[in-house]
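Presented sequentially are two complexes of chain A, the first with chain B as partner and the second with chain C.
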Partner chain A sequence: MSGALHAQISVYAAIATRSFRRYSTYTVATLAGIFTNSVFGIILSFAYLALWEQNPSAGGYEADQAVTFVWIGQALLMTIALWSGGATDDLAERIRNGDIAVDLYRPVSVLGWYLAADLGRGLYHFATRGVAPTIIGALLFGLVMPSPAGAVGFLVSVTLAVVVSFAVRFLFAASAFWLLDATGPRVLLSVLATFFSGLTLPLNLFPDGLRQVALALPFASYIQTPADIWLGRHTGLDMLAAIGLQVAWAVVLLGVCALVLRAATRKVVVQGG
Partner chain B sequence: MAEVAHAVRSYWLIALLWIRAAMAYPLSFWTMTVGGVLITFLDFVAIWLMFSHIDSYGGFTLREIALLYGVTSIAFRVADMLVGSVEKIGQKVRTGELDAMMSKPVPVLVQLCADRFELRRLGQIAQAVAVFAWAAPTVEWTPQRLAVLVMALVSGVVIYFCVFVTFSTIQFWTLDASEFANAFTYGGNTIMQYPMTIFPREVVRSLTYLLPLTFVNWYPCLFLLGLHDPFGAPDWFRFASPLAALALVGVTTLVWRQGLRRYRSTGS
Partner chain C sequence: MSLIEVRDLSREFTIRKRAGRLRRTSVVKQAVHDLSFEIDAGEMVGYIGPNGAGKSTTIKMLTGILVPSGGSARVAGLEPSRQRRELARRIGVVFGQRTSLWWDLPLRDSFELLRRIYRIGDRTYHRNLDDHVALLDLGDLMDTPVRQLSLGQRMRGDIAAALLHDPEILYLDEPTIGLDVISKGRLREFLRALNHERGTTLMLTTHDLQDIEALCDRVIVIDHGTAVFDGPLPSLRANGDASRTLVVDLVDEASPIAIEGARVLKVEGPRQWLSFPAGASAAPLVAQVAAAYDVADLSIHEPDIEDVIRQLYSR
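Presenting the complex of A and B:
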């Protein structure tokens, strides 16, 4: 029994490792991406500084916290694949061209396979396009650093962010089983994720009503929750509650993914090549 | 002159082909158009939400910022629709498509720009026009101001056209670096959506003398609003957009020629 479990884990680890390596092939693309993230980080930092100069406690953040929020957003947007990309894009393409048939008869769960691949990708993007812009931001603007507990909580929260984002992207990509082409849903997902993750503006600056809704949505797990943990807005039990909400979304959404996958395999005729 | 006519005609023939291709999937076309409008509109919603916490931003009202936003976005989105595909140079080199393009009796730049022409970007242009229209009443319009606006929009399209081509040409040297250009194209449009007063003087100087994006909207809009440059730039800068555009066209021509000369096929 434990041997079987061990074998399972090593398969997923192998998938994640290959995925990590696949993305690490394109060094120049990564450097170009780090440059672009940093340029946007600089622009938004000045934009936020001007706002906080007028209103030094907007949304309950101090100016240096607001700037830190900008750089966390830039650091995480590739890690969580905010605008899609990653394993779920492969899934959508394989549904479109019919290769999904191969995935379905593998002796590994389809969901587990793609999740492992996406976690491998996420780790690569975190280590490169997450860490490098953050260093640049810290050098240029002097970012707020987390407490040791905050740092641990942040890493847990980011991992959950990738899982939640993966599950959401998986669902949108799986729409291709019925629509054949998932580009439309993918664009709509980008809109939702950009706005409700906190990337355009911290959710705490949203007007009453909209703010509460936004904070409860799974997209808040993407950037807002990890950032607030880093900034020390969630500590102690409050931090556990924030992470608990992410866990809840991850479990619910992965459950829905499994259901959708089962419905799809029963209903769908694979497109021939 | 005949060459230009030939280039324009070829461009439209290729573009029409892609428009027809896109229209074959009307549902995809419309969802992507609407999605595109929404995602660009979010930039403005963010600024609008900021104003629920402040009354003025960098010394400007929301409508005045909408004016800056509208002018840069119209210019940028038109340029993006017409030539945005040029950022795929690296991909075309890798797949050998560029070789095929070179064997056709149409200028390579025309083919690159018209390739995968996206009509759905009209939606984003419409969004920019809508924001501009909302901002327009803040200006006391005179014939001179209208003339400066038209001059700024035309020059703005040319300026962004040059930014797209120049920074995409870099891919002749580094194939995978397409995202590098985004910092200057999309990043350029983003930075110009804000009043320059929120940035340090060095940034504004660079955006005037190195990469003259301030001539797209900042200086012309100062004239539309009857203001002088807070950084003390000469007043005639407010009419100098065409000069900046012309200078950039010169630089872009040089860079493009250099890049094309440098091109070597992958041989695959």
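Presenting the complex of A and C:
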């Protein structure tokens, strides 16, 4: 039994490793992306600084915390594939052109497969497009650094952010089984994720009502939760509760993904000869 | 028990069509209809039919990625749609128009990944890798990313990939599509050797009838979702109105040859084309022609299999 489990883990580790390596072949794209993230980080930082000058503790953040929030958002943008571009894009494309048939012929779980691939990709983007702009941000603006517990919590939270974001993207991509093309749903998802993840503005700045709703949505797991853990707004039991909510979303959404995939493979035609 | 058993297999699709601005009507299309056949271990079977005949639908049901609407399919003692993953370890699938390799990774990495996926033992893996890499001439390509391979190279890589886990059955969907003549020939040679030496059962869908002639002892012809012919290649030729052609080169020009059991198709100078039934022997015909005329040369042309199949479809 443990041998089988070991074999399972070895497969997914191999998939994640190959996915990491696959993204690492595009060095120039990575460098260009780091540059872009940094430029946006700088622009947003100045915008936030202007905003916080008017309202020095907006949303309960000090100005230096707000700027740190900006750079965490830029670091996680690609890590969680906020605007898609991860393994789920491959899924949507493979459903559209029928290559999904090849995936279904393999003796491994399709969901596990794509999750492993996306985690491998996420790790690559975190190590490059996450870390590099953060260093630039720290040099230019002097970011707030986390406590040791906060750093560990942050890493756990980011991993869960990738899983939650993956599950949401997977569901939108799987709509291609029925719609035959997932471009429309993907655009919709990008808009929702941009607004409700905390990328444009920390969710704590949202007006009452909308704020509570936004914090309960899975999108809050993307940037808001990891950022608040980094900034020390969630500590101790509160941090565990925040991570617990991410775990709950991850489990529920992956469960839905599994059901959707089963329905899709039973009912829907795999396109193309 | 046969390795592949298909009984009264059916699959229908519901196609929704727009009818007017908002109304939609559903049309049920029978992609496969009451299809039955058996394939024994070690056979090489050509599965042919026009576009939309139901070939791919059948293969999808045999591999378990599509659930039949009726009838049954058993492959290697398993029910494909219920035991898809278990079955996947025992079969290999090659698509001419799709790849199971990873686009951005070197061939070697794709093979390594498949080794983990199929949990291939070290000895099997290295034996298969060594064999297939040598036979398919992949040695120099192992470190090349798949996206940089030519179609023929990629195809060879795909076939090696499909065989790493020692499948009992190999499904090939248009394996030679888009390949040049030399690549086609080498691929066929490899597949024949695979069947002879390892006893791998091959099921091949193709539009290239030369694939069938070179590889398959048996042909199943499918049209409108049902089998219209199932038998050895020679009897497909003899089937129906197929005819052979005797080409006679006379020493001198002559009026059309009049002989019992043959019909003159064409006369061009001293050369005449005589048509006779595919089931009949050519020997008496040749003897009669030789007795009555001064013959410079003779040749017999087998019926073109495409013509035979065209006749089957049009029935």
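The definition used in the following text is that the second predicted complex is superposed on the first by the 272 of 273 C-alpha atoms of A that agree within 3 Å, B and C clash if a C-alpha of one lies under 4 Å from a C-alpha of the other, contacts with A are read in each partner's own complex, and residues count from 1 in each chain.
The criterion applied here is as follows: a contact is a pair of C-beta atoms (placed from the backbone, for glycine too) under 8 Å apart; a residue touches a chain by one contact, two chains touch by 3 or more.
Not measured: the values here are computed from a predicted model.
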Q.
Let's test your reading of the overlay: on chain A, do chain B and chain C clash or fit side by side?
A. fit
Q: Could you tell me if A:Ser10 is touching chain B, chain C, both of them or neither one (first, second, both, neither)?
A: second
Q) What is the contact status of A:Arg266 with respect to chain B (first) and chain C (second): first, second, both, or neither? A) second
**Q.** chain B versus chain C as contact partner of A:Val28, first or second or both or neither
**A.** first
Q: Once the structures are superposed on A, label A:Val213 by its partner contacts, choosing first (chain B), second (chain C), both or neither.
A: neither
Q. A:Tyr105 contacts which: chain B (first), chain C (second), both, neither?
A. second
Q) Taking the superposition as given, does A:Thr183 touch the first partner, chain B, the second, chain C, both, or neither? A) first
Q: Would you check which partner chain A:Arg18 touches, where first means chain B only, second means chain C only, and both and neither mean what they say?
A: second
Q. For the overlaid structures, how many degrees, to the nearest 10, lie between chain B and chain C at the C-alpha centre of chain A?
A. 90
Q) Is chain A touched at more residues by chain B or by chain C? A) B
Q: Kindly classify A:Phe195 by the partners it touches after superposition: chain B alone (first), chain C alone (second), both, or neither?
A: first
Q) Looking at the overlay, what does A:Leu205 touch: chain B (first), chain C (second), both, or neither? A) first
Q: Considering only C-alpha atoms, give the closest distance between chain B and chain C in the superposition, rounded to the nearest Å.
A: 10
Q: Jot down the residues of chain A that show up as touching in both complexes, chain B in one and chain C in the other.
A: none
Q) Any idea which chain B residues touch chain A in the complex? A) 25, 27-28, 31-32, 35-36, 38-39, 42-43, 45-46, 49-50, 52-58, 174-180, 182-183, 187, 190-191, 194, 197-200, 203
Q) What part of chain A is in contact with chain C in the complex they form? A) 7, 10-11, 14-15, 18, 21-22, 25, 98-99, 101-102, 104-108, 265-266, 269-270, 273
**Q.** chain B partner contacts - residues on chain A that touch it in the complex
**A.** 26-29, 31-33, 35-36, 39-40, 43, 46-47, 49-51, 54-55, 58-59, 181, 183-185, 187-188, 190-191, 194-195, 200-201, 205-207
Q) So in the complex, which bits of chain C are touching chain A? A) 13, 51, 55-56, 60, 63, 65-67, 84-86, 88-89, 91, 93, 95, 97-100, 102, 104-105, 109, 112-113, 116-119, 145, 173
